[in-house]
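Each of the next two complexes has chain A plus one more chain, namely chain B in the first and chain C in the second.
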Partner chain A sequence: MNQSIIEPPLASVYDLYETVIGLEIHVQLSTQSKAFCSDDARFGGAPNTHLSAISLAHPGTLPRPNRRHIEFAVRLGMALGCNIQRTSYFDRKNYFYADLPKGYQITQDRQPTCMGGTLTIPIGNAFKTIRFHHLHLEEDAGKSLHDTDSRFSHIDLNRAGVPLLEIVTEPDLRSGEEVDALMTAMRHLVRWLDISDGNMEEGSMRCDVNISVRKRGATTYGTRCEVKNVNSMKFARRAVAYEVRRQIDLLEKGGKVIQQTLNFDPQTGITTPLRSKENAHDYRYFPDPDLAPVRLSDAFLAKIKAEMPVLPTDLRAILIKNYQLSANDALILTEDKSVALYYQQLASVCPPVLRKAAANLVIQKILPFLQTQNIAIAHYPIAHTQLIDLLQLIEDGKINASAAYQILLPALLQEPQSSTLAMAEKLNLFQNTDTAWLETLIQQVIAQNPDKVTAFRKGKKGLSAFFVGETMKLAKGKADPKILNTLVMRFLNT
Partner chain B sequence: MQIDNALILKLEQLARLELSEQERKAVQGSLNDILKMVEQLNTLDTTGVEPLIYLSETENHWREDVVQFQVAKKAALSNAPLANEDYFKVPKVIDL
Partner chain C sequence: MHTPRYTKLADIQADLFSNKTTCVELVTYYLHRIEKKRSLNAYIEVFQPESLQRAAELDKKYQENPKSVGRLFGAVVSIKDVICYAGHQVTASSKILEGFRSLYSATAVERLLSEDAIIIGRTNCDQFAMGSSNENSVYGAVRNAANPAKVPGGSSGGAAVSVQADTCWASLGSDTGGSVRQPAAFCGLVGLKPSYGRISRHGLLAYGSSFDQIGTFTRSVEDAALLLEIMSGADDFDGTASQLPVPTYFANVQQVSPETHSQKSKIVYFKQAVDNDGIDPQIREKTVHFIEQLREKGHLVEAVDFEYLDYIIPAYYVLTTAEASSNLSRYDGVRYGHRAAEAKTLDEVYKKSRTEGFSEEVKRRIMLGTFVLSSGYYDAYYTKAQQVRRLITERTRQLLAAYDFILMPTSPVPAWDLGAKINDPVSMYLMDIFTVQANMVGIPAISMPLGEDSAGCGIGIQLMADKFKENELLKFAQSIKK
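Coming up: the complex of A and B.
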């Protein structure tokens, strides 16, 4: 890369163009078994140990769809507001490749199970709704390793037949940032719905990025190029940036963009054609006669609908509206479904006035604790009622907040079975609100510092903090700061 | 529609076959015969007739999502023309 290239001025030729992007997102589903046979579908495992006659494509074998594959597709379809098709079909997509033993991939071409749908994603400070063309079920191919041997490619068929969903967007994305935002939102959603681990490093989520450019204001799309198998958000952004520049440069030189499939090399940051034109694929889709049509009954759809969790966007709205949380707190609490459920349970047994404090407790104390201890929130040791007692003690001014969080909470984590009140008692944390006792302490401090009293009365009002601090020391931290402050001011001003 | 030489070459490529000139001629003849027959079928008006795709009336022939161990690695690899202890081996296939 040539670092000496001068950045184009702001009103550069690149600004005359608009980028148009559509994605094909592949999501590997977290079923136990494969899409059309009973082999183990999980990631990992020693090579070629998750196999059957069906995934090996032996003659005479018959595929059978996995019920959960269809359920997961419908679950995601419902979450995206797709039009769920009562009848859908499986088709064969034909091509030869060493990691595809059948010579075809089972997919849905004529009538996918889910049509349409949208997802609203945050772009900067605004939101944008991305439309989907459809979602279809398909199976994955095996894995080819090209670098282990100089003359041969090695094939591992564990992944052959693993269930996938392909999510096809409309060409609604306009930048690498939007690609990133959509992939992030989709990963969050598939995890929320418990249909995939969404792990891009292990290939559970990857996308093909279709990129074209056109002059701003143009109403027709430019010729697009497809960047295959992008498996990280960072690569997606870089591939888009490179490809947009390449296409604009080409057009500006009077050239034409040729529709082709590209590979993005993260090492060099450039895209290169993956397949030459004469090898252009002709997939010759046709109905798979081995697989009966999928017909979804009312009962089947109703059951999936009943089992749907509240969606993150809906839950955020509830937290903001009913629990008076800030948008940011709501966002943090809905990042992970288990955290959201935990907060909802905590808040449901909590006096309404403490809900905001409960949110702060979860965000500022519980989440960091879980992170350092590496445990799930469901295993947080302190019971809801104990936590609420702690919040109530602070709210009532019986314990000051720093004592509650720095002394009482750690003590409860050590002994989660003891009650909050007993523990606070044992640690002697209750604030003394006995004003007569506080007054004697204040009088002591005033008597010991006559010069500062004079200075205060001459106008050094900031000194009140000194009197509050000294009295608090004598009270060993057990004075209610609000009451103490009021009393100190009364003494100093008389 | 006529099956010409260019189409035969394309089909060869898609099917990963390499035919001799003689075989090409023979295949061209048979394919044209088949197409002629299909064209005859095409003269029938099939408006409103659902295509027959599935010979069985079965629908939703699903499995439950349960793992069953099927074929051991050694057995799976034993039928391959080329393999090592862990992998199937094929002539290097990198798309460039």
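Coming up: the complex of A and C.
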């Protein structure tokens, strides 16, 4: 594949332009049943099995709203700080297609349930706040398979009617990297809120990318093109890169960008027109007379609010401010909600002084262990109290850290029922803090190395480590390094 | 002239309970009547062996335990071909649904069956309930039993004639703009259109979703009340079905006797609907006479100007065709129904199947509805029509706050000759002028027989009440019956 097609060279002409991008992100919600009937909404199943007369749009059938669909939309709306509308409406979007049984899609056009909202995303080392125009509820269409059979297209209607949320941004994004960052953050958020699996491979999340370019400093937007159905972050970046270059080349040659809908082909890396504005569908939106307006009661909203988990950004701030964790540790701990919850629970029963150590334990020991064992954090075998005992032993200098992590922790993983203290005892890991004994050992080392003592006293201060190390060897590792260090310095300096 | 064997279910049940007849005998009688009146073309399909079998089962059930039978024991009912009945065809008198069988029963049908009704067949109608004369059907026109040269009215013409010709006890129709009341008037029957949302629309093929209601044809008000009571109420399959409790319409109506009823009502009529040269003189005369009779009985009857009358029909046709254009999109030849044999591409499947499968009138309304929803025209037509609907609703409900009922002729003209208006759709649309208001506003309305015209066909008088005031409407209708 020709890489130059994908990455526009940073020639000066391209630097004269600014890219402006807005997204329409479609999120499939993980409700049990479909948006407007009780058919199974889950991914998969043999083709055309998650169906009833309603999904098939048989004569006389009517839609029934799914409470969970509305609830999930409000949950995300609240997380993004949207203005939740007390009254909103369902509309019909009319068009004919073989995978659209009713000949119209139920969506929200004029008065969607969530208006506005923002999400702050990391871009490099900085943060950027992306504004949303609105979030609306709708139903998915079925799937058309055009390349499985040379003579026929195949239609699978299992997906027809699956609840979707469409998230429409303002034109606030400026690059493929920002598109990637927003999609990543959105995927993280919908998973955090338990409203979608965010799985792009299975189509649970996909986006239409609206792209335009303008000369830097311009105050009006250029003509935009819409790239449809981009279903991976990688494709999003490549589609943006290709399209930006195409539009700039066109403008530089004195041409004009025509507003059109494009298809991105991941095989060739190029976009091709699906239809132009003149041939754009007239969807003839109008209020769906089969569905009453969505009216949200105070009680309904209060319940959703009460059940909202702490949001990842808020939790990060708490971890940094209250638990004194580094920004990076906070980020790692909030990558997955189950990990964040685990850490929060652990930290809540932990003496404040051990919280930082607890974070390190989770990040450096528990997470890698989970990965190798392929288990969920909820199933980590060692109880919180046992882990805290372990951290406390280190903190109190009763066991040294390497012994704790390399001997005690693996032993506990083998026998999670044993108490930490009993296990440390059994393995004879307690450090000796008897200073008289240590002093004897230090004196022994000093006596055996008079030349190094002289060198130290003449200014080779780094040699102190040598004395500590030698003494530790004699102590067979059971000395508290802090105490040992203090004693060594005292002997060397007198 | 044939005299119907029964005029109300209570009489049928009296004969059944005194062993003077049986369900099988009753169904046999009606099947015989159907055969005799086949030339009226009221039925598309008669469920002959099935209805007899069900009758036999019900007779057995009764013999085993007379108390075990439902409230509709002995009720032989026909259903309009836009209402789903599991395992049976439903075609809306169209080619596009030729041979289509429903997987499920409409909620209204379920509720009738659970009270032991017998469904004897499905009746002819204007295609997709679009029409006022029942001439727009792939199965041909239906004839008025009182005068076969005349139309029975539409769109539920077959349903009306099935009762008129004494081929069943009662019939279910659908009423989007008068499709139950107008044929009831032409056929001399009681036609009830309940409030929007009173009866679930689940299983009723949609025409104008915000207007459609299932309605009934009966010979008596009390039977209309009984059917309404059984079919009404909330339904999980229809979010627009009302959650309001269902009153005991039947018992309440039974308590009313025209001789002793002493409650005085306040009634209003529109000057434009009575004192108007456009109204047929026979109808005007009978209506004026009826108003005088009401006054004599001590009711207050007043005339008002209803300034929006001329806007009702245009607004109604904009809104119903808009909804219909979308509702009928599902008939695309892809999953069921007629598919053009020679269609090669998806586009051809749509265009050819729909061109062949829909009648001219249905296509006219789909195109009109598509146009009024189109970008650039939406506000001028659809939005404007919605505004008109709101104004009419407000003014109507205002009147119904001051008066108990609105009265007017059911139709401005009597039943016309078959074929007389078939090439003049606009004049046909104007025939709905008095009936569409109730659908625009969502209020209940009833058409009561008011005698015969010079050709022997029925003339009706229509009464409307405020939303969900079926109870008051039916009681009043019972009190004024002849």
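As a convention for this text, the second predicted complex is superposed on the first by the 441 of 494 C-alpha atoms of A that agree within 3 Å, B and C clash if a C-alpha of one lies under 4 Å from a C-alpha of the other, contacts with A are read in each partner's own complex, and residues count from 1 in each chain.
The definition used in the following text is that a residue touches a chain if its C-beta (ideal position, glycine included) is under 8 Å from a C-beta of that chain, and two chains touch if they have at least 3 such contacts.
Keep in mind that what you see is a predicted model, and the values were worked out from it rather than measured.
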Worksheet item: Now for A:P65: first (chain B), second (chain C), both, or neither, which partner does it touch?
Response: both
Worksheet item: Which of the two partners, first being chain B and second being chain C, lies in contact with A:L325: first, second, both, or neither?
Response: neither
Practice prompt. Could you tell me if A:M472 is touching chain B, chain C, both of them or neither one (first, second, both, neither)?
Written response: neither
Worksheet item: Is the number of chain A residues in contact higher for chain B or for chain C?
Response: B
Discussion item. Is A:D282 touching anything from chain B or chain C once the two structures are fitted on A? First, second, both or neither.
Written reply: both
Discussion item. For A:K102, using the defined touch cut-off, is the partner it touches chain B, chain C, both, or neither? Pick first, second, both or neither.
Written reply: second
Practice prompt. Considering only touches as defined above, state whether A:R92 meets chain B (first), chain C (second), both or neither.
Written response: second
Worksheet item: If you stack the two complexes on chain A, which partner ends up touching A:L51: first (chain B), second (chain C), both, or neither?
Response: first
Item to complete: Indicate the residue numbers of chain A shared between its chain B interface and its chain C interface, in ascending order.
Response: 53, 56, 64-65, 94, 96-98, 153, 155, 282, 284, 289, 291-292
Discussion item. Quick check on the complex: what are the chain B residues that touch chain A?
Written reply: 10, 13-14, 16, 53-56, 58-73, 76-77, 79, 82, 84, 86-95
Worksheet item: Within the complex, which stretch of chain A touches chain C?
Response: 53, 56-65, 92, 94, 96-98, 101-104, 153, 155, 282, 284-286, 289-292
Response to the item:
Residue positions on chain A within touch of chain B in the complex are 31-33, 37-41, 46-49, 51-53, 56, 64-70, 89, 94, 96-98, 144-146, 148-149, 151-157, 263, 274-275, 278-279, 282, 284, 287, 289, 291-295
Discussion item. List the residues on chain C that touch chain A in their complex, please.
Written reply: 82-84, 90, 92, 97, 100, 102-104, 106, 201-206, 208-210, 236-240, 322-323, 325-326, 328-332, 334-336, 346, 350, 370, 373-375, 378, 382
